[in-house]
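Each of the next two complexes has subunit A plus one more chain, namely subunit B in the first and subunit C in the second.
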Partner chain A sequence: MKKIYVKEEYCMGCRLCEIHCLVAHSKSKKIIKAYKEEFPRVLPRLIVEEKGPISFALQCRHCEEAPCIEACLTGAMGRDKKSGAVTCDEDRCVGCWMCIMVCPFGVILRDEREKKVATKCDLCPDEDIPVCVAKCPNEALVYEEE
Partner chain B sequence: MRMSLLAPEFRVIRDEEKCIQCEVCVRQCAFEVHSYDLEEGKVASDDSRCVGCHRCATLCPTQALTIIRYPQEFRRNANWPEQVIKDIFKQSETGGVLLSGMGSDKDYPIYWDHLLLDASQVTNPSIDPLREPMELRTFLGRKPDRLKIETKKGKPRLKTEIAPQLKVEVPILFSAMSYGAISYNVSLALAQAARTMNTFCNTGEGGLHRDLYRFGGNTIVQVASGRFGVHPDYLNAAAAIEIKIGQGAKPGIGGHLPGEKVSQSISETRMIPEGTDALSPAPHHDIYSIEDLSQLIYALKEATCYKKPIMVKIAAVHNSSAIASGMVRAGADIIALDGFRGGTGAAPTRIRDNVGIPIELALAAVDSRLRAEGIRNQASIIAGGGIRNSSDVVKAIALGADAVYIGTAALIAVGCHMCQKCYTGKCNWGIATQDPYLVKRINPDIATERLVNLLRAWSLEIKEMLGGMGINAIESLRGNRLRLRGIDLTETELKLLEVKPAGESL
Partner chain C sequence: MRKSRNYLIVGNSVAAIAAIEAIREVDKTVPITVISQEPYRAYSRSLVSHFLEGKVTIEKVFYRKKDFYQRNKVQTILGKRVIAIKPKEKKIVLEDRKRIPYTKLLLTCGSKPILPSVKGIEKKDVFTFTTWDEVKRLAKTIKKAKSAVVIGGGMIGLKAAEGLKSLGLKVTIVEQAFQILPAILDKDGSKIIHRHLKEKGIRLIINDTVLEIRGKGKKVERVILGKSGEVDCDLVVVAIGVTPNLDLVKGTALKAKRGVLVDRFMQTSVKEVYAAGDVVEAYDFLYGRKRPIPVWPLAFQQGRVAGSNMAGKRMEYRGGLILNSIEVFGLPIITAGLSAEEKGYEILTKSDPKKKVYKKIVLRKGQIIGAILVGDIDRAGIIVGLIKDRLDVTNFKDEILEENFGYIYVPKEFRAKMVLPLEVR
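After this line comes the complex of A and B, so read on.
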């Protein structure tokens, strides 16, 4: 399956991926509205790791054998049959954070705006290319087959 | 701290309705213009630090930023304009030589914009380059005085030995920019683009990084007064060797790469200790005459078994034509002329803005002189320093150049916004810096593509212009000043350029 890979040598830590991820998962999908009117604000579903000049964006690796799916009590964490992406059904999620405990990459985030749910990268199912990849100004993120 | 008399150069206008406080601008500015106030939850900007490079405005996801000239007005005074006053403020605060990056920004005449090209009408048909083949291929190097052809078994054979030539598919080469002045990623992009477009890049005086030896076939290596990184492998890896005597932006001045920029990798490439200043003397200490130059030219030819053309680069100065004549007689196969608008990583501002002459005049003078002396065939001419677009290239070739060098235009293609702060080492576009945090901003793959696009676009335009003139090979235009007309030029200027005024027919 196609996954997002990072070329950390060209990641300049601008965090535009984070910003556009947030916008893509907002209600309006409009950048100014998402930031200025939609509260509580949705979370970006990726994290940018930074230390000195080294930085890179990290999202769910959509593991073949995903510990989060195994650990999930309610079956909220599952695999999208079509895309192969690991996704979280937020209606079924009870916010027990077991997935967060077992994730080896630390890329599942806590969304506590309303009901506690786990939130993570969904590979932007409505887009051809995930927005973080499409909006990276330096092409440090690529979306390709393994 | 004492107050500074200097007003900011730019004003950062932040549209609060659009700003989402995402801090992209904060992270992108190496000059620390923007900062995030945690208490207020707001980004603020300090105008006094802004250099006008537009990095923040370009990356702002909501286009909330506009950079404008600082609107503070001095009382109008033709004798003491704003820049003059500010320079005095600056020098009285620092006590130092004023420094600038890039080429002169002064309002001197640009002769390219006073030259007009010819086109064919009725009596000589123009050519459609989309339908008919057009040749931009150029060979650079010494050409024989005459060709001897012998016939063996009824087949003609060339008897004359041809001197080594550089073959370019587009008569545009990347001019000398050293690793040190520019980042590794930009050097790599220039080399990759040169290979793709079958032209050449130039190492400048900074040596050739060991990972770039694989591009040797598309690289011209420089031997400058500092002799940085010069060793037999370096000379033999290249397609040609350029002896740098002078640079258009700072004729008569040496170079100085500050020790902070001499990282481990640069120290290895330049063969100097890490962290030491790389000082290029103003003259070559072994060249004080044309005879001395000849010795170095032939030393380099010996070192490379006479297989590579040797180039000599000089800044365009008042006496260029006589010097060029000497260079050709000393054995140079290619002459590179660098006009006074040529770029640099750092030059004393007064030198940059007041020394040298425009490339157009120097080129015309050198070409005329070499032709008058009957030695024009013995060397090719590459003109650089102020070539901005494809029509400049065509005009340069009509004035007598074989090919041109572009440096500034190439850097603009990869993102340079001409803020002229190369010498600070804080280039926000990741070009003129060695800071590992900033260098990453150039993705060599994107930069290569942009450079290739630029050369491709220019070559298409050159073909259109040639076609319009009814010419199907760029060779037919070289030195053909009858296809040029001058507009708005004095009689002296027309005489120096050897160009007829617009309106005058053959």
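After this line comes the complex of A and C, so read on.
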């Protein structure tokens, strides 16, 4: 399956991926509305790590043997049969944080705006290319077959 | 001619479901039968507390979609107890004496709550908190009750206490140790939780035990403690721990200590008989020996390994570690590995009691072997991953408990292996 990979040496830490991820997962999908009107804001589903000149964006690796699926107490975390993506059915999630405990990449986030749920990269199911990849100005993120 | 085959699974919880999914990845046709004494399709055991509080609908208590068994061509026998297994004859016996033959058997009969031998334990309004039926019975009783005593301040006891409190009961927890969660939390971490519980209106009595449950006839009216007198209550929840359910194993050729002994392939000492989940004693890679670890993710992994091997695809259980994630009245706590250990190990901690944050890692020869995270649990899995990968963290150990800790602090070679696979090509 196609996955998102990062080329650390090209990442500038501009965080455009973060912004576009947030917008893509907002209600309006419009940047100004998402930032100015939709409170509390949705979370970007990736993490940008930064230390000095080094930075990179990290999002769900959609593991083959996914620890989050194994650990999920409710069955909310599962695999999309078609795309192979690991997805969280937020309706079934109760926010027990078992997935956060076992995700070795630390890319599952706590969304506590309303009902507590775990939230994570869904590979942008409605797009051809995940927005973080599409909007990266320096091709530090790529979407490729394994 | 091909011998007719059929796989039998005793138990219908997470280990069984994981096994079914693994079997079906390999073998789409072998007949599978699942038997459970509980009259439900597989449900999320830990959600019984959410159910009690009315936080989830009945439909959401179930672990898989309604058509799971049909889709996976699994025959179910629900609401019937297995009373014996006969490995020599390759048969099991149901409570109605019906015998069912198998070619391969998987035992996933879980654990059972430990009951203290105190007077009054048999009373009607004394409950355990490990099955849906028991919690449904509790839910009915609560309607007439005003106060409750929870015996045991472990994870299940805390969940029960929170549930009862949220339904308006006065709740007292009686814990024998000097702190709650004694198996996984240390003194400093537990102090924060003690304060938190108090703020939420829970009375906590530590370093004491219940000697007797008293009340007229079948009723519960109070408990008598060893040191602190008595506590009035209308019901008691017993949650002092669980132990592998060996009922079916006793007297058979299956070797067991505290739990059923299994090899790396989840096979028991008897060929073609596998076991997985809370019922087994599997390898704990931090302890370096086998012991029961009754947690959900390991039950899943073991079930998956067992199922795969039954179906003929070799899969190895790499060993587990104890892992817990629990929220106590909104305060998240994650512990992993030998988290309560101190003596002889290097300990790093960071705490901010005001914010109810406490973090600790336990190091053995440069490797993390245990962790406690209270209040701030984000990205906890990275630490758990470092434990599993046995990475030497000496060079960046001081960063691990920092708020912005991430892969960027991890040596580049490891980082590349873990998260940047394109670069290493």
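Note that in this section the second predicted complex is superposed on the first by the 146 of 146 C-alpha atoms of A that agree within 3 Å, B and C clash if a C-alpha of one lies under 4 Å from a C-alpha of the other, contacts with A are read in each partner's own complex, and residues count from 1 in each chain.
Here is the rule we use: a contact is a pair of C-beta atoms (placed from the backbone, for glycine too) under 8 Å apart; a residue touches a chain by one contact, two chains touch by 3 or more.
Just so it is clear, the model here is predicted, and its values are computed rather than measured.
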**Prompt:** Looking at the combined model built on subunit A, do subunit B and subunit C fit side by side or clash?
**Reply:** fit
**Message:** If we overlay the two complexes on their shared chain A, which of subunit B and subunit C does A:Arg92 touch? Say first, second, both or neither.
**Reply:** second
**Prompt:** How wide is the angle at subunit A between subunit B and subunit C, using CA centres, rounded to the nearest 10°?
**Reply:** 150
**Request:** Could you look at A:His20 and tell me whether it touches subunit B, subunit C, both or neither (first, second, both, neither)?
**Result:** first
**Item:** Partner chain(s) touched by A:Lys36 [first = subunit B, second = subunit C, both, neither]
**Value:** first
**Winner by number of subunit A residues touched, once subunit B and subunit C are compared** = C
**Request:** Return first, second, both or neither, reflecting whether A:Arg79 touches subunit B, subunit C, both chains, or no partner chain.
**Result:** neither
**Request:** Figure out whether A:Lys2 sits in contact with subunit B (first) or subunit C (second), or with both, or with neither.
**Result:** neither
**Asked** subunit B and subunit C, closest CA-CA distance after overlay, in Å?
**Response** 15
**Request:** Take the contacts of subunit A with subunit B and those with subunit C, and give the residues found in both.
**Result:** 7, 9
**Request:** Spell out the residues on subunit B that touch subunit A in their complex, using ranges where they run on.
**Result:** 17-18, 20-24, 27-28, 59, 61-62, 430, 435-437, 440-441, 443, 445-446
**Request:** Provide the residue numbers of subunit C that touch subunit A in the complex, in ascending order.
**Result:** 18, 44, 46-47, 50, 55-56, 60, 62-64, 296-297, 300-301, 304, 323-327, 332, 334, 336, 377-382, 384-385, 388-389, 404, 406-409, 418-423
**Request:** Provide the residue numbers of subunit A that touch subunit C in the complex, in ascending order.
**Result:** 5-9, 47, 49-51, 54-56, 58, 61, 67, 70-71, 73-75, 92, 94-106, 108-110, 142, 144, 146
**Message:** Quick check on the complex: what are the subunit A residues that touch subunit B?
**Reply:** 7, 9-16, 19-20, 31-32, 35-36, 52-53, 137-140
